[in-house]
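Take a look at the structures listed below.
Okay, so chain A shows up in both of these, paired with chain B first and chain C after.
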Partner chain A sequence: MELKKEKLPEALALLQSDARLFLPAEADGLPQFTVWDGKQAPCLSGNPPLPPKDVLFPRSEKMYGYNLSTGDVADLASPEKQVIFGIRPCDVKSIEKLDRAFLEKGYADSYYRTRREQLTTLSLGCTEAARTCFCESMGLDPADAPGADLMLNDAGDAFSVKSNSEKGEAVLARWGKLLTEDADKDAKGAGKDVSVHCAFKVDLPADLPERLTARFEDPAWAALSRACLGCGCCSYICPTCYCFDIGQENRGAEGTAFRCWDSCMFSDYSRMAGGHNPRPSKRERLRNRYLHKLAYFNERYGTTLCVGCGRCVDKCPAHLDITKVIETVGGER
Partner chain B sequence: MAKKSTAVHPAAAENVTAENVPAAAQAAPAGVRHGCTCEGNPLLPQICRVIRITQETPDVKTFRIQTPDGGKPFDPMPGQLAMISVMGAGEAMFSITAKGDDWLESSIKRVGALTDALHGLAEGDLIGLRGPYGNHFPVDAIKGKDILFVGGGIGLAPVRSLIRYALEHRTDYGQLDVLYGSRSYADLVFKADIFENWPGKCNTHITIDNAEDAWDGHVGFVPSYLEEKAFSPEGKVVVLCGPPIMIKFCLDSLMKMGFSKENVITTLEMRMKCGIGKCGRCNIGSKYVCLDGPVFSMSELDELPDEK
Partner chain C sequence: MSDQQEKMRQGAEKLLQNEEVGYVIGWGTTRFADRTTPIFIDTPAAASDFVWNEYAVNSLAKYLLDDKYPDKKIGVFVRGCESRALNRMLKDKQVKRENLYLIGTPCDGKKAGRCSLCRERNPLLYDVLLWEPVPNVPAEGRFDRVRAIEAMTPDERYGYWGAVYDKCIRCYACRNACPVCSCRECYVDMSRTGFQGKQHSRSDNQIFGVTRAFHVGDRCIECGECERVCPMDLPIMGQTQKILKDINELAGEYECGLDAESENFLGAFDLDDKDEFM
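And then the complex of A and B:
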C-alpha cells in the first residue's frame, strides 16, 4: 500500500482526531518532536536533535498525589492515547530497549507501561544519513524499523506503507480510502527505491562487553574523563538513557510526587546521606555510564544500550561520545 | 483523591507470596513480581502511622510503623527493604529490622536531611511507606546450619530481622551466635534484645571499642573479638553487616579462620530512588542493589566490579 504525499495532512488529521499526535516540526526555532497543531509542516528530512523518548518517559511527570489528613494516595498515571509520526528506525529501536528496562526483570514500571500500551509508532525510513549516523554499525537498517507499528518509506510522490502490528493495521483501516495500491511491488516495503548507508562506521568487536569489563581499571577511563564537563547533555539527548529521580512537592497536608530525568554523570547522582559516594569522580561516572551501555545492559538484557543515532557524537561539547569510548577502551590491544 | 491505598495484597492474585520470592542466590524471575501493596503500581506508597519511637542511641531511633487502621503495612522477609518518606522532605530506602503481627520496624541513624526529618517525627505522625523491595536472606538455603551473626554499629539493624526470624523458627537452625560491637555502650543498638530478650535463646557476644567505667563486658574491635572466639566454620553460615572497614577486617579474620566466601552473607547500601531496578543509581556492575540485593554472599560480590 502507499500513501500519496498530498494526502499526508489528511492522514495526520485522522491520527490526531483521537490521539495526541507527535511529529517532527519546527518549534521554538528547532526541529523537534512536538504535538501537531494541525497546520505545521512536518520536518521530513534528518532527525531532530532530541529523541521522542519524552513521549513515553516525560522529562518530568506526576506520579501520585497524597493527602496526609485523609490518608489517600491517588495514582496519577496517564492513560492518554499517543501517536508518533516520523520517528526514525534508530529511535524506534531505542523504544524497544527502553521496553526491556522498564517492563522486564521483576517489576513493570506502571507509568511507562500505561503510556507504552497507548502508543502507536509510525516510522519513517531514512533517505539520507547524517555524518554522525552509525546505526548500521549497531545492526540497524536505516530504512526499516521492524519494531514500529507502521513503516513508511519515501517512494517519490508517495510513501510506501507497511504494517508490523495490530496497531499498524488499525491505522491502515483508519486511513482506508486515502491509501492506494502501490505501483511496483517488491518483498520489502513496496516502492522502496531508496538505498541509504551510513558513511560513519564504528568497529564493534563481538567481545566488546567482555573487553570493556576486563578493562575496568584501564587508565584510558581516567584519560577520557579529563575532557568531560559532567554536564549530562549526553544522557538528556540519548534516546536510550532512562535514569530518573523522584521528588515530592508539599503544601500543608497535600502534595504530589513527581519524577524527572536524571543523569549518572552528575556528581550527586549516587552520593549517599553522610557523604559516601561509590562513584566519586568523573572517571567512575563516565566508566559506569559507558559500561552500562556497552556491557552491563548486555549482561542483563542481551543487547547493547545504543542505537547509533549519533546525537552524542554531534552534541557532546567535549567530543567525548560513545564511539570514542568504544575505540579508545574497546580497541584491539 | 479517588483511590485509597490499602493493605490488600495483589500478590495473592498472582500466586506470589513472601515465601516464594526468590532467595539471594536465585535470579529475579521474568515478568512482573508483585510482593508489594501497590495495587499494580510498585512505586505507590501507602500512608502509615508511626506508633512508637524508641531512642536506641544518641543518633539512632527505631520507628514502629502501622497502617492507619491498625494493620501491618505488608509482610516482608528478613533482609528486605522499605522506602520511607516524610512527605515533602523526600524518601529513602531502609532495611526493615523487625515485623510483628500488625507493625513493621525500621531503625534509622541520623545522617542527613531526610533522616533529620524522620528524627523530628513524633509518635502518631504520618509517613509514606512502600515496599517490600529487594531479595532477602536465604532463610531456606541455610536451614539446618549454625548461624553466626556479626554486626557493627547500626549494621545490626538489617541483621536483626534474620535473628528474630531464626528465633521464631528455632528448630530450623542449629547454634545461633550474635557477635555485636559498637564504639561505646551508648552506641549499642537494640539493648533490650542484646541484653534481655536474646540471651538464653542464642549466644550473645557483645563488645565495645574502648573501656568504660560502667562496662564489665568485652572491650575491643569486632574483628579481633571474632578471632578470639575462634568459631569453627564447620556447618556455619556468617551474616555480616556493619561499616565497610569492619566488613573488610572481619572478612580477613573469617578467611583466616577457615570460612569460605560462599558462607559469608552481607547486605549492601547504595543510594536508591525507585526500589524496582529502573532508576539507575544503585547498580554495581549489572546488578541493582534494590532488586538483586541487598543481600549478597561475599563470593557473589567478588564477581561484581569494585564500586561498593
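And then the complex of A and C:
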C-alpha cells in the first residue's frame, strides 16, 4: 500500500477529525511535536529536539481535585483520542520502554494507561541520520518501527504504508480510497533507496549491565562527572526518562494533586526527610542516571533504557556523551 | 592557534611537573571535531590532551565552585570572560585567589554567539600570560536587542516573554552554567518553601526566569553561557542585559567583573544610607 504525498493533507485531516493530531512542525521558530492546526506543513526531515513523550506523559498533569471541607474528590484525567504522525522509530521504541515501566510488574499507572490506550502512532522511517544518531547500535532499524501502529517510509512521490496493529488497520480503513496499491514496492520503501545508517556508533557489550554494576565504585564515574554541570537537560530531552514528582496546589478549601517531570540530576530529587542526601554530588547523580539507563532497567525489564536518539549527545551543555560513558566504564578491562 | 595550543600544553605540563598545581582545567576533544569538553588534567603526561581551537566555548570558571577547598592550587586557563567571572567570584568570596593559578590565554573569539559582543578579550588577571595580548575590538550594539524589546508595547512584550517561557523546559542549564550564579542552595531546589512551583506552566517558568534575572542581573558579565547552554535556544541574556542597561542609564557606565573590588549595583549598601523611602 502507498499514500501519495499529495494526499497527505487529506490523510492528516481524516486523522484529525476524531482525535488530537500531533505532528512535527515548525512552531514558535522551533521544530516540535505540536497539535496540527490543519494547515501547517509537517517537518518530514530530522527529528525535533524534544521527543513527543509528553503526549503520553505530560510535563505537568492534573491527577485529581479535592475539596477539603466537603471531602469530595474528582478525577481530573480526561482521556481523549490522540494520534502522533511522523514519530521516528527511536521515539516509537522509547514508548515501548515507557510501557514497560508504567504498565508492567504488577502495577499499571492508570493515567499513563488511559493515554496509551487512546494513542495511535504513525511512524515515519528515517531517510537520513543526524550525526548524533546511534539507534543502530542500540539494536534499532532507522527505517522500521515494529512498535508503531502504522509504518510509513519515503518512496519518492509516495509513502509506503504498512500496518502493524489493529489501530493501524483502522487508519488504513479510514484512509481507504486515498491509498493506492503498488505491488513493486514493499513496506520498507523499496523502489527508492532508503537504506540509512548511523555513522555514530558504540559497541554495546552483552554483559554491559553486569560490568557497570560491578564498577559502581570505579573512579571513572568521578572523572566523567567533573565536566557535568548538574542540570536536567539530558533527562528532560530524553524520550525514555520517566521520573516524576507529585505535589498539591491548594486554594482555600479547593485543591488539585498534580504530577510533573522530575530529574535525578537535581539535588532535591534524592533528598530525604531530615535533609540527608544519599546522592550528594554530581558523581552519584550522573552514575545513577546512566546505571538506570544501562543496568538497572536491564535487570528489571531485560532491555536498556536508551534508544540511541542522540538528543543528549547533541544538547549537553558540557558536551558529555553517553557513548563515551559506555566505552569508558563499560569497556573491556 | 596550534602554536598557542602547544604553549598551553607545555605550560600545564610544567605546572604539574613542578607540583605547583593539583590539576589544570582546560578543554579537551570529544567525538566531534567541532566540540570540546572541559577536562581536568592531573598528570604531566596527560597535558597533551588539552586543545585550543575556535570550538573551545565552554566557560571554565564555574568549575572552580566544585572545589572550594583544594589541597593544592587549581590551574585554570583564563580568557577575558573567565577573568571577569573570576573577579566577580572573588568579590563574592566564592573562591580564594591563593587557591588558583591562572594561566592567561588571550582569545580572538570562539564560535559562540556571545563572542561578537566581547569587549575584553584579554584576561584581566593572571599569574602567567602565555602569549601577547590581542587587540580588543569595539563591540557595537551591546544593548540593541534590549532596545528592540523595550520598543514593544506592554502586550507585545508580555507575548514575547510568554512565548519564550512557554518553550523553557526548566532544565536549569542556564543557572548551572552561569559563573556568577553561586548560591549554595538555589531557591528552586528548596521545594518545601513554595517559592518556585514545580509544575510546568507559563507562570512558574516565568517566575524562574525573572528570579534568575534579578539574582544575577547586576553581576552578569555578559559571557553568554546561559544562552549557549539553553537546549531550547532561548534569548535569556536579554533579561540580565535589560538590568545592566537600566543601571547604565541610572548610574552611569557599569560593567561587571572588570576588577575584584567593585560592589555589585543592587547588592551594595551604605550604613549612612538615609533610608528615606522606609
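One rule holds in what follows: the second predicted complex is superposed on the first by the 323 of 333 C-alpha atoms of A that agree within 3 Å, B and C clash if a C-alpha of one lies under 4 Å from a C-alpha of the other, contacts with A are read in each partner's own complex, and residues count from 1 in each chain.
Keep this in mind: contacts are C-beta pairs under 8 Å (C-beta built on N, C-alpha and C of every residue); 3 or more make two chains touch, one makes a residue touch a chain.
Not measured: the values here are computed from a predicted model.
Participant: Under the superposition described at the top, does placing chain B and chain C together on chain A give a clash or a fit?
Facilitator: fit
Participant: For A:D28 in the superposed arrangement: first (chain B), second (chain C), both or neither?
Facilitator: Second partner only.
Participant: Considering only the touch criterion stated at the top, classify A:R226 as touching first (chain B), second (chain C), both, or neither.
Facilitator: In the superposition, A:R226 contacts chain C only.
Participant: So, A:R100: does it touch chain B (first), chain C (second), both, or neither?
Facilitator: Neither: A:R100 stays clear of chain B and chain C.
Participant: With chain A at the apex, figure out the C-alpha centre angle toward chain B and chain C and round it to a multiple of 10 degrees.
Facilitator: Apex at chain A; the opening toward chain B and chain C is 90 degrees.
Participant: In the superposed model, does chain B or chain C contact more residues of chain A?
Facilitator: More residues of chain A are touched by B.
Participant: Is A:D245 touching anything from chain B or chain C once the two structures are fitted on A? First, second, both or neither.
Facilitator: So A:D245 meets both chain B and chain C here.
Participant: Touch test for A:R283: chain B only (first), chain C only (second), both, or neither?
Facilitator: neither
Participant: Touching A:R20 in the superposition: chain B (first), chain C (second), both, neither?
Facilitator: So A:R20 meets neither chain B nor chain C here.
Participant: Counting only touches as set out at the top, which of chain B and chain C does A:K4 meet: first, second, both, neither?
Facilitator: After superposition on chain A, A:K4 lies in contact with neither partner.
Participant: Rounded to a whole Å, what is the shortest Cα gap between chain B and chain C in the overlaid structures?
Facilitator: So the smallest C-alpha to C-alpha spacing between these two chains is 6 Å.
Participant: For chain A, which residues lie in the overlap of the chain B contacts and the chain C contacts?
Facilitator: Touching chain B and chain C on chain A: residues 245, 247, 249, 262.
Participant: Which residues of chain B touch chain A in their complex?
Facilitator: 1-5, 28-34, 39-47, 68, 85, 87-92, 111-115, 126, 128, 269-271, 273-274, 276-286, 291, 305-308
Participant: Which chain A residues qualify as touching chain B in the complex?
Facilitator: 63-68, 70-75, 77, 101-102, 104-111, 213, 216, 242-250, 255, 259, 262, 264, 269-274, 278-279, 284, 288, 291-292, 295-297, 299-300
Participant: With touch defined as at the start, can you tell me which chain A residues reach chain C in the complex?
Facilitator: The touching residues are 28, 30, 49-50, 59-60, 131, 200, 223, 226-227, 229-233, 235-237, 245, 247, 249, 258, 260-263, 266-268, 282, 315, 317-321, 323-324.
Participant: Going by the contact rule set out above, which residues of chain C touch chain A in the complex?
Facilitator: Residues 30-32, 35-40, 58, 62-63, 66, 163, 166-167, 169-173, 175-177, 185, 189-191, 197-201, 228-229, 231-233.
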